[in-house]
Amino acid sequence: MIFLRRQLPLLITLVTGLLFAGQYYVPHPASEQMLTSATKWLQIIGGFALILGVTSLFHQHAVKITRQEAGWGYSLVLYAGMLGTIAVGLWADGKEAVDGAMTAFGWVYNFMMVPLQGTMFAILAFFIASAAYRSFRARSREAAVLLVAAVIVMMGRVPLGEYLIPLSGDVSSWILNVLNSSVRRAILIGVSLGAIALSFKIIFGVERSYLGGGKE
Amino acid sequence: MTFAERMLTIDRRIIFLVIGVCTLLPLLYPVGLPIKISSEVRGVYDHIESLPEHSVFLLSIDFDPASKPELYPQAIALLRHAFKKQLRVITMTLWVSGTGMADQLVTQVAKEMGKEYGQDYAFLGWSPGGPAVIINMGQDLSSAFPSDYSGRSTKDLPVLDGVRSLKDITYMVSLGAGKPGVEEWYVFGKDKYKFEMGGGCTGVMAPGLYPLLRSGQINGLIGGLRGAAEYESLIDQKGKAVAGMDAQSATHVAIIVLVIMCNVFYFSLRQASRSQGHIG
Amino acid sequence: MDATVFGAWVATGLTLLIFSFLYKDNPLFKLAEHLYVGVSVGYTIVKTYDTVIVHLVVKPIMENGEIALLIPVAIGMLMLARYVPKAAWMSRYAFAFIVGMGAGLAIPRTISSFILKQIEDTVRPLLSLAGPDGVTFSMNLLNPASNLNALIILLGVGSVLFYFFFSIEHSGTGKAVARTGVIFLMISFGAGFGYTVMARMSLLIGRLTDLIEFSDASYGRPTIWLLIFVVAALFFLARRGHAHPPDTH
């Protein structure tokens, strides 16, 4: 039973990991066909993974409603929004527009989802300004360097900045293309090395936290 | 409480009001300052300009409504340019919540440019899996997308004639707001299937994509609303991006002034406490 | 009432409800926030069902006889076993398959794209220093491909990589290199902050553009009427003492 619960999953990870890492270097048609089929399967399984993320949300708010905990009215609004959108979506066969005419599902998307999502992120503009005012202080040499670079780039990236100080455009372009790109390159290399190390740890069973589910 | 201390602990809603006014006024009363074109944006523009008619152009609209203000104008400008150049345009998305918006955007621009669905352009829709979709498209496009967004078999679409996989794409641009986006299209797409590609992204993502731009892995980068405004200027069809640049200028100057003020008050407080330390 | 005009009123109302958070956290904002989550999740479910079940599974099986697609469906169902306590261990097979495949696919591609190619591009420009005409050195700072900039990039990449290498002590020459790395990092983060400010402001510009569009008479001026309503509602709520003290951090 331990083999089925612990060792077989690790074996599956090892085999699939090595198989698909090696596949990259094998151009044989059979290898390419295996990749095509496997990635198609991965697409379908990816769809089920999306459902997984959603079920915990269902459960959390259902509990709130049944126990009538504080704020359960809002959970009711969430459920109403979700079930209403699903009903309207299934009725429209998942299409936002049919022959150029907007469906009810399209209406919900365009006049509810788009403005809600857009505005949730738009209010960040106010918070970044407030945070910049409160905490963007040149407390040290390094902070001062960060501040100066930020100001140059903010000036150089807008027409008014380039109009008032023409050099700011060229300097901000140099900062982005040379200084910034060298740092981001180093970070990219470092992070990629870390990701590869983690991938190897997962394949060889050193890292097992992804398994989750059940005891052991 | 000294003036500097009072200013440093000011109610943040006053700052919100300043930002709100700086954004609203230029939108209502635009000035229209000239926009300099950067080499990053020119890279994408020049490449599309150089493509012969009926080349296959793939546009992946990898963003959701949260990034609409920055990337929607980029998409519109790119599509207008591609349609003007008589390219065969294939569009798709890797972000589920952006599907409706992508469909609407493509339909709107195609209608404006008098293009026919299936003949001149197609919208494949969304498929789950991110990198898996890219690899699958690289192996066999009809396996990743057996049908387009309206349910028509992709094998029957004239615009996809001769396009069996990503290897048959002439040029590809990913407009990405995160993962999956430009990086995934390179790693899982261009690296193996060797098509030329450019990128568009939000302002948050842009600095992180410069290494790919410098190494030639992407041949151009359209960054944020400013990039969209530059592209609109290049194709000589000014839209929402150019209209937003004045507000962008005003808010940037407002933030710079706020940051300078904050530092002036901070340093004056520090000076005062140091001189009190000397006296005491 | 025309669906578009009604939609304009709903969109404007929801936008202003979210913006009301800027005054203080209030029931109007919470209502809009929960509605946002509900509608987003509902949309994702519909799209996933339509794309995955209908177009990627059912249609290919019914029309083209691709029975093999039942295998990934079975694996997907195994994943859902996570929620049945006694059978939760079976979900491990699904995760093992996905994670193993994902790791395997990523390794060679990441090495090729983000390590080899990036190192190649850092070093290759230096080769152009010694050409058939002897050593040449272009100093144009404004051209990112010039030799001077290539040296600066090499310095940046090297010093930042060294800074993050904590296995050896940063002392002596190492300390100087690490401090150079820190300066490069600060400049890069400053540039990143500048671009982030640009991005956030652009999002706000986008929403305000829509609000201005919806203040037009053809829609019945929803922006103006709903703004008055929201301000009045916030005033009423504040008087009723529902609000929390303003957050002045």
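Order as written gives the chain letters A, B and C; numbering starts at 1 within each chain.
Here is the rule we go by: a residue touches a chain if its C-beta (ideal position, glycine included) is under 8 Å from a C-beta of that chain, and two chains touch if they have at least 3 such contacts.
Since we're looking at a predicted model, the values are computed, not measured.
Counting C-beta pairs in contact, the chain pair with the largest number is A-C. Comparing mean CA positions across the assembly, the chain most remote from subunit A is B. Relative to the whole-protein C-alpha centroid, the nearest chain centroid is that of C.
Chain centres here are Cα means. That of subunit A falls 5 Å from that of subunit C. Separating the centre of subunit B from that of subunit C, both taken as means of CA atoms, is a distance of 12 Å. If each chain is reduced to the centroid of its CA atoms, subunit A and subunit B end up 16 Å from each other. Multi-chain contact residues, meaning those touching two or more other chains, occur in subunit C at positions 22, 40, 43-44, 47-48, 51-52, 56, 102, 105-106, 109-110, 114, 118, 144, 153, 188, 191-192, 195-198, 200-201, 203-204, 206-207, 249.
Shared interface positions of subunit A, defined as residues touching 2 or more other chains, are 24, 40, 42-44, 47, 49-50, 109-110, 113-114, 117-118, 120-122, 125-126, 128, 132, 134, 147, 150-151, 154, 157-158, 173, 176-177, 180-181, 184-185, 188.
Looking at subunit B, one finds that residues 12, 16, 19, 23, 66-69, 96-97, 99-100, 127-128, 135, 192, 207-208, 211, 214, 226, 248, 251-252, 255 touch two or more other chains. Chain contact summary for the complex, subunit B toward subunit A: residues 8, 10, 12, 15-16, 18-20, 23, 33-36, 38-39, 64-69, 96-97, 99-101, 103-104, 107, 127-130, 132-133, 135-136, 139-140, 143-144, 150, 192, 207-208, 210-211, 213-214, 226, 245-246, 248-256, 258-259, 261-263, 266-267. Residues of subunit B that touch subunit C in their complex: 9, 11-13, 16, 19, 23-24, 27-28, 66-70, 96-97, 99-100, 125-128, 131, 135, 146-147, 151, 186-188, 191-192, 202-204, 206-208, 211, 214-217, 223-226, 240, 243-244, 247-248, 251-252, 255. Put simply, subunit C touches subunit B in their complex at residues 22-23, 40, 43-44, 47-48, 51-52, 55-56, 59-60, 102, 105-106, 109-110, 112-114, 117-118, 120-121, 144, 153, 188, 191-192, 195-209, 212, 246-249.
Listing the residues of subunit A that touch subunit C in their complex gives 4-5, 8-10, 12-25, 37-38, 40-45, 47-52, 54-55, 57, 71, 74-75, 77-86, 89-90, 93-94, 102, 105, 107-126, 128, 132, 134, 142-143, 145-154, 157-158, 170, 172-190, 192-193, 195-196, 199-200, 202-203, 210-216. Those residues of subunit C that touch subunit A in the shared complex are 3, 6-8, 10-12, 14-15, 18-19, 21-22, 30-54, 56-57, 68-69, 71-73, 75-77, 79-83, 85, 88-111, 114-115, 118-119, 122, 141-142, 144, 149, 152-158, 160-161, 164, 181-198, 200-201, 203-204, 206-207, 210, 249.
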